[in-house]
Amino acid sequence: MTTWIDASCIFIVFLSLGILATYRIVGIIKIFAAQSFVLGLVLIFLHAHNLSTRDIVISLGTMGLKGVLVPYILFWAIRHVSMRSEIKPVIGFGTSIVSGALLIAGAFWISLSLKLPGKPVSDLILPCSLATVLLGFMIMVTRTRAVTQVLGYLIMENGIFLFALSLFDVMPAMIELGILLDIFVAVFIMAIIVNNINEEFEQAPASVSRSKMGETF
Amino acid sequence: MIMILSILCHWLIVLLLAPFFIGVIAKVKAFFSGKVGPSVFQPFFDLIKLFNKGAVYSKTTTWIFRAAPMVLLASVLILSLEIPLGVFKAPVQFSGDIFFLAYLLALARFFMIAAALDTGFSMEGMGASREAFFSCLSELALFMNFITLALLAHSLSLSHMIGADIPMSWSHVGPALLLIVASFFIVLLTENYRIPIDDPDTHLELTMIHEVMVLDHSGVDLAYVSYASAIKFLIFSGILVPIIIPFRTGDLVMDMLIFLGGMLGLAVCVGIVESSMARLRLNRVRNFLLIAFALAFFGFIVTMWRG
Amino acid sequence: MNKTLEFLWHVPFGDFSLRLDPLSVLFLTAIFILVLCAGIYGVGYMRSYQGGKSLGLHIFFYILLALALIVVVTANNVILFLGAWEVLAISVYFLIVFQDEKPSVRRAAFLYLIAAHCGTFCLFLMFFLMAHAAGSMNFDVMAQTNFSPVIAGTIFFLALLGFGVKAGIFPMHIWLPYAHPAAPSHVSALLSGVAIKTGIYGICRILWIIGVLPDWCGYVLLILGIVSGVMGVLYALGQHELKKLLAYHSIENIGIIVLGLGIGLLGRNHQMPFLAVLGFGGALLHVFNHSVFKGLLFLGAGAVIQKTHTGEMDHLGGLAKTMPLVSGLFLIGALAICGLPLLNGFISEFIIFFGLFHGLLGLPLQGAVLCALGILSLALMGALALACFTKVYGTVFLGEPRRPTLPTEMPIKTSPWMIVPMVILAGLCLWVGLNPQPMAGLALGGGKYLIHAAPLSVIDLSEIFIPLSVVVSCTFILILLMAFLAVARWALLRSRPRPISETWNCGFSHVTPRFQYTSSSFARPITDFVKALLLLNRHGGKVSGEFPGKMQISSSVHDASEERMFRPVFLGLTRFSKKLEETRIRYTQIYLMYIFFFLIFLLAWKLK
Amino acid sequence: MLSILIMIPFFCALCAFLPLTKQFRYKLFFVVSLIHATIVLLFWQHLPSPEFNGFLELDQLGLIVLSIISVLYLFVSVFMAGYFEHEQRSNRTVTACLLALLSTMTLASASRHMGLSWVAVETSTLFSAPLISFHRNQESLEATWKYLLICSVGIALALMGTFFLAIAAHDVHTLLLPTLLNNASSLSVNWLKLSVIFLLVGYGCKMGLAPTHSWKPEAYGQATGMVAVLMAGAVTQCSFLALMRVGQICSKTGLTDFYSSILILTGLLSLGVAAIFILSERNIKRAFAYSSIEHMGLLVLGLGLGGVGVFGAVFHMINNALAKVIMFLTAGSIAQKYGSSRVDEVRGVIHVYPVTGMFLIVALLAGTGMFPFATFHSELMILNAAVISKHYILCVFAVVCLGLMFIGMARIILDVVFGQPTQPVLAKKENFFMNFPIGIAALLLIGLGLWVPTFLEKVIRHAALLTGF
C-alpha cells in the first residue's frame, strides 16, 4: 500500500504544480477536482488493511464535496457571472513554476528536521502536504481573480487535509477539524459568488471606481 | 554721611570736568581745519544758555518724551560714581558693578529710543533704529573687553579691573591689553557718537544717529541730554585712561596730573581722529564695530593662552 | 522644608504622594500668583465673548489646569507626575482652542498637543530608566540612588528632549510661537508664565534626583541656553504680531534660565558650591521673575487686542494717550523683561551674570570659554531685547495711530477686572526689583537645595547679597536723582514759554501718521544683519521709473528649526505613508504576499 | 453553567432568524446580553466548574476575556436601540449573527482545548463576515471579501499549527491545555516550534497583527460602529487569548525566548505599520482601525516582554476594549448622522453635536493613552516592561511609533471635531441611547485610570501569572 500512497502524494503535488502552469480557470478547476479525488483515494489507501465505514464515508464525502460539488458550483458561477476566464498572474508562468519548484524543495528541506512520531505509513506525506499548502498559498498570492484565489485556497486546504489524514490514527479528532474547515470553505465560496453576482448588478457605476478598488474581480 | 559727601564731591568733579573735554575736542577739530575755534569752555556756555530757555513740545509726545532726558542724565550720573577719577576713588564699587554699568546705560538707551519713537516721525525712528542696532554690537565688544579685564584682575569690580593690576598685566600680557585698548577706543567712539560712527555736527538728518534722535528736544531737556553726553564721554575715557597710563607715582598731585593729562590726551586723540577721518557709510559701521569685537576677542584668546 | 503628604491611591505603580520642598515652593509661588491674576483678568477679558460661546468648558479647563500645575510641581511619584503632566497638556489644549473657528487657532493648538504629547513619551522612557535603576517610582527614593554615568547621561538627554519641548528650548520650541498668540490672552499669560516653566521644573527635578551628572551635561545646558536665548530674541525681533513676539521672548528667557542651570550644574560638578548656588538660584529667580513680567506683558497685550481687535503692531500706535494706564503697566513689564535696573529682571540676570563671571574665573578652560560665551550672549540678549521692546513699546503705544480705525476717544475704559491683576503683577516686578532679598533668598535657597548642601553647611551668600544691596541703594539714589532732576526741570520751565506744536518734520509737507517708522523697519538693520538665520523673506518694494506708482512691501521671518528640521521630516513621512497606501489599495495579492513572506521568514529564521 | 451560557445566545440567534418584529429582535438581543452579563457577573464570585471532561473550563484569563465580551455586548445592545431608530434596514441578519458571534466567543474564552479554541475562532469568523457587509454596497462587500480571504488563510494556518501541536503532543494524546501543561516535558520541541509559528501567524491574521493586518482598515471602515466595536474589542481578544494559551505552553517547555522574540517582532511591526499608515488616513473609522492594529501590537509586545508587560497586556485588554467602545461607537454614530466618516465631509462636529464632539475627543485621548484614561497605565506598563527587560532600542522605537500614531489620530479627529461645521444628513439632535453607553464606557475607563479595584488587580495578576511569562 505504501507505494500507492507515495504515488498519490507525489501526484497531488504534481497537480498543484500543474495549476501554476495553467492559465484558464476551467482548467484549474478540473485539476483541482482531480486532486480532490486523489485525496479521497489516499484515505482509503491509508486504511486499506481494516477499512471502517467511517473511513469510507469521509473518503466519499471528500470526493463528493470537493471533487464534484465545489467544481460544479464554480463552473456554474463562471457561466452565470460571465467571469473573464483569461487570468493574468502577477509573475510570469516560467518564474512561478521555478519558484514553485523551489517551494517544494523548501518543504522537503523543512521536513528533514521533523520526524513524525509513531510509525508513519509513508515518509512522503508530511513533505508533500507542506508543499501543497505552500503551493496553494503561492497560487493565492500570484493570481489576480477572486476565483483563482479561492482555488488556491482550496489547494492549500487539500494540503492540510492530506496532513490531517496522516494524523488519523494518532488523533482522530483532527479529521473532524479538517471537515469543519471544509464547511467553512463552502460558506466562503458562497460569499464570493454572492459578491460576484452583486458586482454584476452594479457593473456600470463600479467601473469608475475600478482603478481605485484594485483588480480583485 | 561721609559716603554722601564723597558722592556729592564726585558728582561735582564730574559735572565740572565733563563739558571741558567736549570743548577740547571741538578746539582740536577747529585747529586741524585751520580755524581758531570757540573756547574750550564753550560747552558750559551752551548748557547755561539751554537751561535758561523754554521748551517746545510736539503734541504727539507723551510723558515718555519728557522723562527720557531725566532718566538719561540720572543714569549717567549714577554711572559716574563707579568710575575712579585719578586719585579720587570711585565712591561706589562692588563686585559686579560692570553689569550695573552696562544695564544703566541700557536703561537710559531704552528711554531715549522710546522718546525718539514718541515723536512719531520717521527721522527719529531711523535714528532710534540705528542706535538699537549699533548698541547691540558695541555692547558685545564692551563685554568682551570686560571679560578679559576681569580675567586679568580676577575681580568683578571696575575699580579693580582698571586699578592696581594693570601695570603687571602690561608686562604679562601686553599684546592683549593693546588689543583691548584699541577695541575699547572704538567702543568709546561709538557710545559717544563720534566720527567715524556718527557725526555730531552734520546737518543731514538722514545720516545721523544720536543727533536725529534728540531732534525734537529743546530747552532744559536738550541741556540734560547734552550734559549726559558729555558725562558719558568722561566715563568712557575714565575707564580707558587708567589702562593706557598705568603709572602711579604715589604722589597725589602728580598722579592727578597724570590722569588729567591722559584724559586731555584722549580728548585730543578723539579730536584728531574726527579731523582726519570721514564718517563711515552706515552699512560699514557694523563692520567697524565687528572689528572692535574681533580685537577684543583676540585679546581674550591671548589672555587665556597666557593665563 | 521637606514635607511629604501621602494618600491611598490604587493604580499600578501609582502612589498619591505629594512633596513640598524648596524647589516646589518656588514654582508654587509663581503658579499661585499667576493663576490668580490671570483668572481675575479672565473674568474681564472673556466678557466680550459672553453669549456667543459657552464659557463653562473654558472655566472648567482653567481650573483643571491650575490643579494640574499644582500637582505637577508637588508630585513625588512618577505616575502621579506623568498623569498631572498629561492633564496639564490636555487642559492647555482646550484653553488654546477656545476660538476654534479660526484655522490658525486650530493649527496652533494641534501643534501644541502633538509637541506636548511627544515630549511626554520621552519622559516615559526617562522615568522608567530612572525607576528601573532606583527600584522605585518615588522621587525621594530615586534621589538616594547612585546612577551610573551612562544611565545618568541618557536620562539627562531624555529629560532635555521631553522637558525641553514643554519649556520651549530652541530647536524644540516650534509649537510655542503659534500657541501663545492663538490662546486668549490670560491663557497665554498662564502658558508663558507657568505652563512652560513646568519644563524647567522637570529639568530641575532631574538635576536634583541625579546628584552626579557627567560634565558634558553642564556644557550642553550652557550651549542650549545660549542658542535658545539668542535665537529666541532674534526671531522675536522679526515678528510683526504682538503676542507672537512675546512668545519668542519666552524662548529667550527660557534660554537665560537654562544658561543659569548650566552654570549651576558646572559648579556642582567642579565642587564650587557658591557658583552652583548662583547658577541654580539665578535660574530659579528668573523663573519667578519671568512669570511675573511675562504675565504682565501678555495681560497688557490682551488689553490692547481686546480694544483694537488686532495684534498686528504695524497697525497700532499712539495708544499711550488713549490707554494711559495699560501703557504704563506695559512699560514696567517691558523694562523688566529687558533686565533693566529698578525692576526684577535685572536682579536675576545680575545673579546669573555674577555666576558666569565666577565660572569664567574658576572653571577649567572649556568651562571658562563657555562662560565667556554665555556672558557675551547674555549681553547680546539684553541689547536685542532692548531693541525689541523699544520697538514694541514705540510702535504700539507711542507716536500716532497708524490706522484711522483705531479708537480715539479719550481714554478708553479698561475693565477693572483686567487692570487690578496687572497692577498686582507690576507691583511684584517693582517689589522684587527694589527689595530683592526675600525672593532672591528663596531662590538661592532652592539653589542650595539643588546641590544637596547639608542644611548646616555654610555657603557664604553675603558675597552676592552685598552687591545686591549696593545695587538696590544705587537704584534708590537713581530714583532720588530723577526726582531731583524733575523738580529742577519744573523749576526751570515754570516761568518760561512752553508752546505745543507739531513734531519738527525736517521741512516735509503733508506728513501723515503713515510716515512713522514701522516695527519692521525699526528692526530691519538687525534682521538684515542675521537674515540667513531668520530665513527672512521680503517681497516687493523695488521702486523704478521716474514716477513710481503705489508700491507694496512685505517681509516675514521663518523659523529655521521648523522649516529646516521638523517640516521636512514630517512631510517625508507623510509622503512615504501616501505612497504605501497607494500600493496597498491597488493589489489585494500584496496582502497575501505579506503573510506568505512573513511565514517563510519566520520559518527560515526560527527553524534553522 | 458554561454550556448554558454558550447555548442561550445560540438558540436565540436561531430565533432571531424567524420573521419577527424589529422591536422584538432588539429586545431579545438586549435580554440575552443582560442574562449573559449577569451570569458572567456570578462567575466573578466563584469560577464555574469544568464541563465536558474539562473541555470547557474558565480560568482567570478566560474570565477576563469573557467579561470583556459580555460588557461590550451590553454596551452595544443599548447603542443598538438608538441606532436602529434611524435605520430602515431590517435587523434580522445583524441580530442573529451578533448572537451567534456571542455564542462562539463565549466558547472561545471558555475552551480549554486547543482544537476547540480553533473551532470557536473559525466559527466566529464565519458569523462576523455578514456583519461587515451590512451596508450591502460595493465597498462593504469588497471589505467582507478581503476580511474573509485573509482570515480564512489565517484560519487554515492556525489549523496547520494545531495539527503540528497535536503531533508535538503525540505522547500525551490530547490537546487539553491542563494535560499539555502538566506533561510539558514530553512535548517534541521541534514540532512545537513549527506549531507556534503557524499558530502565531494564523491567529495573528484574525487579531490583525502586522503584516497580516490589511483587512482591518477595510473591514472596520465598512462595518457599522457596533460591529467594529465587537470585532476590535472582543473577537480580536479571543485570538489573543489563543496566543496567550500558546504562550502558556511555550513557557512550560522552555520556549519562552523563542516565542517572545517572535511576539516582540510582530508587535513592533504592528506598531510601525499602524504609525506609518495612519499619517495619510482621512477616514475616522479607518484611522481607528489603525489604532486597533497599534493596540494589538502593544498587547503582543507586552506579552513578549514578559513580567510587568504581561500584567500590562492583560490590563490593556480591558482598557483597549473600553477604548474601542468609545471610539467605534462614536464613529458609528457620526457615520450615521453624516452618512460618511471622511474628514472632508464631516467637520465641526462639536458645534452641531456637542456631546458627540466631546466623545470624539475622549476617544482620541483614550485611544492614545492620555492620563485619566486607564490606557495610559497599561501603555506605560508595557513600555516599562521594555525598559526593565533592557530592550532600550525597542522602547525608543515603540515610543516613536506611539508619537506618530498620536499625530495621525489627533490630526484626523481634531479636524473633525473643530472647525466650520458641515451640514449633517440627519436631524440636529443627539440620541440618548447612542450616547449613554459611550458615556458609561468613558467613565469606566477614567475610573480604572484613577482607581484600579483590588479584586480586579488580583484577577489580572493571577491571569498574568498563568501565562508564565
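For clarity, chains are labelled A, B, C and D in written order, and residue numbers in each chain start from 1.
One rule holds in what follows: a contact is a pair of C-beta atoms (placed from the backbone, for glycine too) under 8 Å apart; a residue touches a chain by one contact, two chains touch by 3 or more.
Predicted model, so just to flag it, every value in this text is computed and none were measured.
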>> With contacts counted as defined, which of the two, C-D or B-C, has more C-beta pairs across the interface?
In response: B-C
>> What's the distance between the Cα centroids of chain A and chain B, rounded to whole Å?
In response: 97
> Hey, how far is the Cα centre of chain C from the one of chain D, in Å?
Replying inline: 44
>> From the mean C-alpha coordinate of chain B to that of chain C, what's the distance rounded to whole Å?
In response: 34
>> Just the number, please: Cα centre separation of chain A and chain D in whole Å.
In response: 31
> On chain A, where are the residues touching two or more other chains?
Replying inline: 110, 113, 137, 140, 149, 213, 216
> By residue number and range, which residues of chain D touch two or more other chains?
Replying inline: 149, 153, 190, 194
>> Please output the residue numbers of chain C that touch at least 2 other chains, ranges allowed.
In response: 588, 592, 599, 603, 607
> Every pair of chains that touch: which are they?
Replying inline: A-C, A-D, B-C, C-D
>> Can you tell me which positions in chain C touch chain D when the two form their complex?
In response: 9-14, 79, 82-87, 89-90, 97, 100-101, 103, 106, 109-110, 113-114, 117-118, 121-122, 124-125, 128-129, 131-132, 570, 573-574, 576-578, 580-581, 584, 588, 590-592, 594-595, 597-599, 602-603, 606-607
>> Applying the document's contact rule, which stretches of chain D touch chain C when the two form their complex?
In response: 146, 149-150, 153-154, 157, 190, 193-194, 197-198, 200-201, 205, 211-212, 214-215, 258, 262, 276-281, 311-312, 315, 350, 365, 368, 370-372, 376-377, 380-381, 383-384, 386-388, 395-396, 399-400, 402-404, 406-407, 410-411, 414-415, 418-420, 449-454, 457
> Across the complex, what residues on chain A touch chain D?
Replying inline: 110, 113-118, 133, 137, 140, 146, 149, 153, 156-157, 160, 163-164, 167, 170-171, 173-174, 177-178, 180-181, 184-185, 187-188, 191-192, 194-195, 198-199, 202, 205-206, 209, 213, 216
> What does chain C use to touch chain A in their complex?
Replying inline: 585-589, 592-593, 596, 599-600, 603, 607
>> For the complex, give me every residue of chain D touching chain A.
In response: 115, 118-119, 122, 125-126, 129, 136, 138-139, 141-142, 144-145, 148-149, 152-153, 155-156, 159-160, 162-163, 166-167, 170-171, 173, 175, 188, 190-191, 194
